[in-house]
Amino acid sequence: MGKLTYGAGIWAFGQFVDRYAGDGYGPTRTSQQMIEDAAKVPGLKHLDINVPFDIPERTAVEIKKMLDDNGLICRATTPHIYMREYVKGSFTNPDTKLRSQTKDRVREAIAAAEILGATYVKFWPGQDGFDFPLQANYLQIWDYTINGIRDLANENPKVQFAIEYKCKEPRVRMTLATAAKTLLAISEMKVDNVGIVMDFGHSLMAQETPAESLLLIHRHGKLVSAELNDNWRGWDDDLPVASVHLFETIEYMLALRSINWTDPVLLDQFPFREDPVRALTRSIEIITYLEEVCDRVDIAALNQAQNSQDALAAQAVIWDALMQEKRFTR
Amino acid sequence: MGKLTYGAGIWAFGQFVDRYAGDGYGPTRTSQQMIEDAAKVPGLKHLDINVPFDIPERTAVEIKKMLDDNGLICRATTPHIYMREYVKGSFTNPDTKLRSQTKDRVREAIAAAEILGATYVKFWPGQDGFDFPLQANYLQIWDYTINGIRDLANENPKVQFAIEYKCKEPRVRMTLATAAKTLLAISEMKVDNVGIVMDFGHSLMAQETPAESLLLIHRHGKLVSAELNDNWRGWDDDLPVASVHLFETIEYMLALRSINWTDPVLLDQFPFREDPVRALTRSIEIITYLEEVCDRVDIAALNQAQNSQDALAAQAVIWDALMQEKRFTR
Amino acid sequence: MGKLTYGAGIWAFGQFVDRYAGDGYGPTRTSQQMIEDAAKVPGLKHLDINVPFDIPERTAVEIKKMLDDNGLICRATTPHIYMREYVKGSFTNPDTKLRSQTKDRVREAIAAAEILGATYVKFWPGQDGFDFPLQANYLQIWDYTINGIRDLANENPKVQFAIEYKCKEPRVRMTLATAAKTLLAISEMKVDNVGIVMDFGHSLMAQETPAESLLLIHRHGKLVSAELNDNWRGWDDDLPVASVHLFETIEYMLALRSINWTDPVLLDQFPFREDPVRALTRSIEIITYLEEVCDRVDIAALNQAQNSQDALAAQAVIWDALMQEKRFTR
Amino acid sequence: MGKLTYGAGIWAFGQFVDRYAGDGYGPTRTSQQMIEDAAKVPGLKHLDINVPFDIPERTAVEIKKMLDDNGLICRATTPHIYMREYVKGSFTNPDTKLRSQTKDRVREAIAAAEILGATYVKFWPGQDGFDFPLQANYLQIWDYTINGIRDLANENPKVQFAIEYKCKEPRVRMTLATAAKTLLAISEMKVDNVGIVMDFGHSLMAQETPAESLLLIHRHGKLVSAELNDNWRGWDDDLPVASVHLFETIEYMLALRSINWTDPVLLDQFPFREDPVRALTRSIEIITYLEEVCDRVDIAALNQAQNSQDALAAQAVIWDALMQEKRFTR
């Protein structure tokens, strides 16, 4: 079976901060350092890159050269629409000026994407939502979200956009929270160039079954990017692949195969306490191993078990592939 | 402001069972007893009634007479498509015969609805989903769901159907889990007579904000029924209204006002350890009181606060209405 | 390394009911049928048996004979203190008479345990707790719990008792919710013959790390029984072993080894939609396989990784054992 | 009834950062600015103060003067044992040197507490725990926790220490996660001067019932501080008091009354998107109002309802106090 290719968010190689360790988990890091580290991960070729870059004077041309020098490709650009000025929202900010400024920031990311050769521009509206019961006019926020993204999509018809949904953090409750809600929002936009970044961990957090969400998004023609990582379900821990959920990861990989996914799989990790090069290398090693497991899965037997909803038989097929032998009673 | 009217699921007056107390929380109860008890709840006028009825030989005509005798109205019928034979699914059962039988059972509920004068026929596909990772072919289940309901909708174009979504229980994971996923399924059906029963408690369980989901469903023209109750977020505890979530309940009621809801509000409660008449009476008393609170809400001030996402101001408007005085700093 | 032995709750072979499928998942079953089915599971030797038995006239002597005839051993008896009459609590029931009756029921289970040769009498106070905010006098419930169990422990100093903690279901909130809270309650009892039944799934539900809880309970000398199964964390789904959480299961098994556990491991499953004999056979097959995985774990390397909190190295040691080869970078 | 007094963590008036908005929610702030802002909150008198202070050269004597000048009192000092160097733990750090350094940092906080007149020194071991399954030697971490704190308690017998438990964040899983687990750890320490800071929001996160935990901690003589705030249960949102959970807050306040709590109630808020002075003022206004509600509660009727576990009656007593009239059927 086909070999997957890999990418990551450039932030995996940056400095991590949290609300307590305000001094950061490690020193600050330049774009140059982050890109060089990314290049050290065997198999990692693609980067999702934040715009603006590390320092105000940094240009996309410089970043492009760094990528080229390190044999890396820009997969996407992600505008920073969730920093200080956007704490009350980006597309949904109550202040007209900030909603407008959000678009400007996206336009910067579009311009950078062109120079960098990115496949899509990602929206991660992490501050769009609310914090308290009764704080928000939900339909107004919904309209702002749809209108803001639609305007940009119409304005840039040749650019592929993709929304990364998430149910919370940093906003206490985020508007584009689930796969289905995001598909619904996109259907209201009535544009062709807005799709979805489907992050395994965000899906777990949203009480979804990641493989199911991947397939539903694909069924609606909106799958732009597939991302792997792991967490404990309650929060976006951004751990290495299959740290916790092995079977769901295998299921997700089988779903990717079923739709003949050939684009990169992105790794969205925050290795707060691990060496990033090592943590991402590990994820790729694990996926590579799980590709072999998937190769060994008896798909016909799996289909048969699923078609009769025989849970024990379905899991036995996977165990066979893991154990490399048939052991369990049928 | 307008007075809400009230209904309930007839099951609130029945015997409760759980997987441990298999001998039931109290004795079994006849339709006659359940209807008579429902009539004892001041303000309760509408019932959602399960089909088949309590005993095989019971007819809809008999039930209709019982309702009339007790001054009650049938709001909806709910076919029993989640009993023993449907443990592996109703619309999504792997067995063609059982999928077909599901439709027959729905047809019984349609026939009963006609006799009883019900406004809609409810689907609560509590067994449609899966239990284990890797057990299900998600798109097959999705197709079965959509096809089954679409067939019935096309076959009965004058009947209004409504899906009550829920994310789990009894199936470990249910397919029509959230408001947005259900809207998505309905949009795929391309029929006009399938809408949604929006249950406050199911929405909490699904990590939704109930008022937001209500408004989104209404925006898409699919709101058929609104139901109130409460729980602790992790499970469908079916407690009396506002037992836990006062502010979300007020927010939900304000959302009902904003869409000029004039149909009954249904109470979906399972008073395992309380007297049902008393437990439902209490819910209506609470809603009645909260209607007065809503009357006192300064809507202009609330809108202004929400338009600027001023959470403290928005909550202060609600506190004013609760406390019947202006106390808090602005 | 040592071979584990296995047991199960007899209820795994009974009829399942839920609050919707009140007609039950399958027909009712006699003790005879349940015991015969248990005997069909290869490797299963021990049963935790509910008292009273299936029919009022059934005696412990009859059950003992059934067990003997089928080569089975009674591991524990579990008094039914969570049926209809106990819906407002057993040890904590507000009614003195019911608190007293709870003790009588436990005494029946003690008498049965003697005849059946059970190692311990289990308390599963599933109705002891509360449902709503403000309903309960928490310290009163706490006192009732401690006093009731202490009285029985003092009255029967040669009997080993064990509490199975759980955070909810059937009671909306249960008092003996977590390992630590139960240890605290036991320490207040100041008796020597009350310990803990540590159920993997209940531990997941309670947001615990099962291996950690097992070790803490053992550290305090209170580990009476270890039980395996699995769930999705939010509810007590009682699925087969490692259906969802493979790594936590391996970790739990390594913890059992570290304390030299030689007593049976009990399987607490509710195979609502599967054949019980098959579902329990599968769990034993999986544990047997995972025993081999544990045999292959390089414990010295694991210790070293854990001693330096090197998460990637620790997980690599487990992957080595799973993959039967060293692949991942260190 | 008695008037509560109020305090807050000084951090409520500082700059907030999260892992995305690394540029911070607003500018950095000096100790002087934070203390002056705290003084602007009517009723706020006590501060929990982090050590080290805002800048390395800042002395406790200077802070004391700032407090005096602003009419404020130091309630507690909290050593910064969760910053960059402690990302793999403070008391539980695998590195002996860092475990030792943790103690030095605590000693600084003790010295500051003496100068500032603080009542207790708080441990918030936010980095003590683990991130992945299989990463940790749980008993080793448990021992490190107990030994580290015991050593400090023995070394400083006249200092009152208090542990603030929390189940996660920043560490993915924290060791001192719940009230009962912390009581268990303290019982193992066998010292008299270590108690507990009981934070309402941490208790919600840990799936506890806050009033119950408060009472259990008090029953064991370990309640050093009581803190109020609110969240949505899944995460430590640190919202203003009763933003979400009104009934649980009232229940908590009634529990404080039942133990005759006269020490300050601390507000642990992170007003990311609100003005801190306003957000804390609001919390005090809400508690002040709820004190009046508590004054109106018919305690005898509440006790009677609780003694019979009559949930509807118990909640009716609270509704009476909220509505200032008797309305609901009994």
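Each chain gets a letter, A, B, C and D, in the order it is written, and its residues are counted from 1.
By definition in this document, contacts are C-beta pairs under 8 Å (C-beta built on N, C-alpha and C of every residue); 3 or more make two chains touch, one makes a residue touch a chain.
As the structure is a computational prediction, the values presented were derived from the model and not from experiment.
Undergrad: Going by average Cα coordinates, which chain is farthest removed from chain C?
TA: So the farthest one, by centre of C-alpha atoms, is A.
Undergrad: By the contact definition above, name the pair with the higher C-beta contact count: A-D or C-D.
TA: More contacting C-beta pairs are found at C-D.
Undergrad: Just how far, in Å, is the C-alpha centre of chain D from the one of chain B?
TA: From the centre of chain B to the centre of chain D is 39 Å.
Undergrad: Roughly how far is chain C from chain D, going centre to centre by Cα mean, in whole Å?
TA: The separation of the two C-alpha centroids amounts to 34 Å.
Undergrad: Among all residues of chain C, which ones touch two or more of the remaining chains?
TA: As it turns out, chain C has residues touching two or more other chains at 88, 131-133, 173, 243-244, 247, 273, 309, 311, 315.
Undergrad: Going by the contact rule set out above, which residues of chain D touch chain A in the complex?
TA: 15-26, 82-84, 86-88, 126-127, 131-133, 168-170, 172-173, 232, 234-235, 237, 239, 243-244, 270, 272-273
Undergrad: Could you pull out which chain B residues touch chain A in their complex?
TA: Per the stated touch rule, the residues are 88-89, 94, 130-140, 142, 167, 173, 177-178, 180-181, 183-184, 187, 206-207, 209, 211-212, 215-216, 219-220, 247-248, 250-251, 302-303, 305-311, 314-315, 317-318.
Undergrad: Looking at the complex, which residues from chain D come into contact with chain B?
TA: 233, 240, 243-247, 273-274, 278-279, 281-282, 285-286, 289, 309, 311-312, 315-316, 319, 322-324, 327-329
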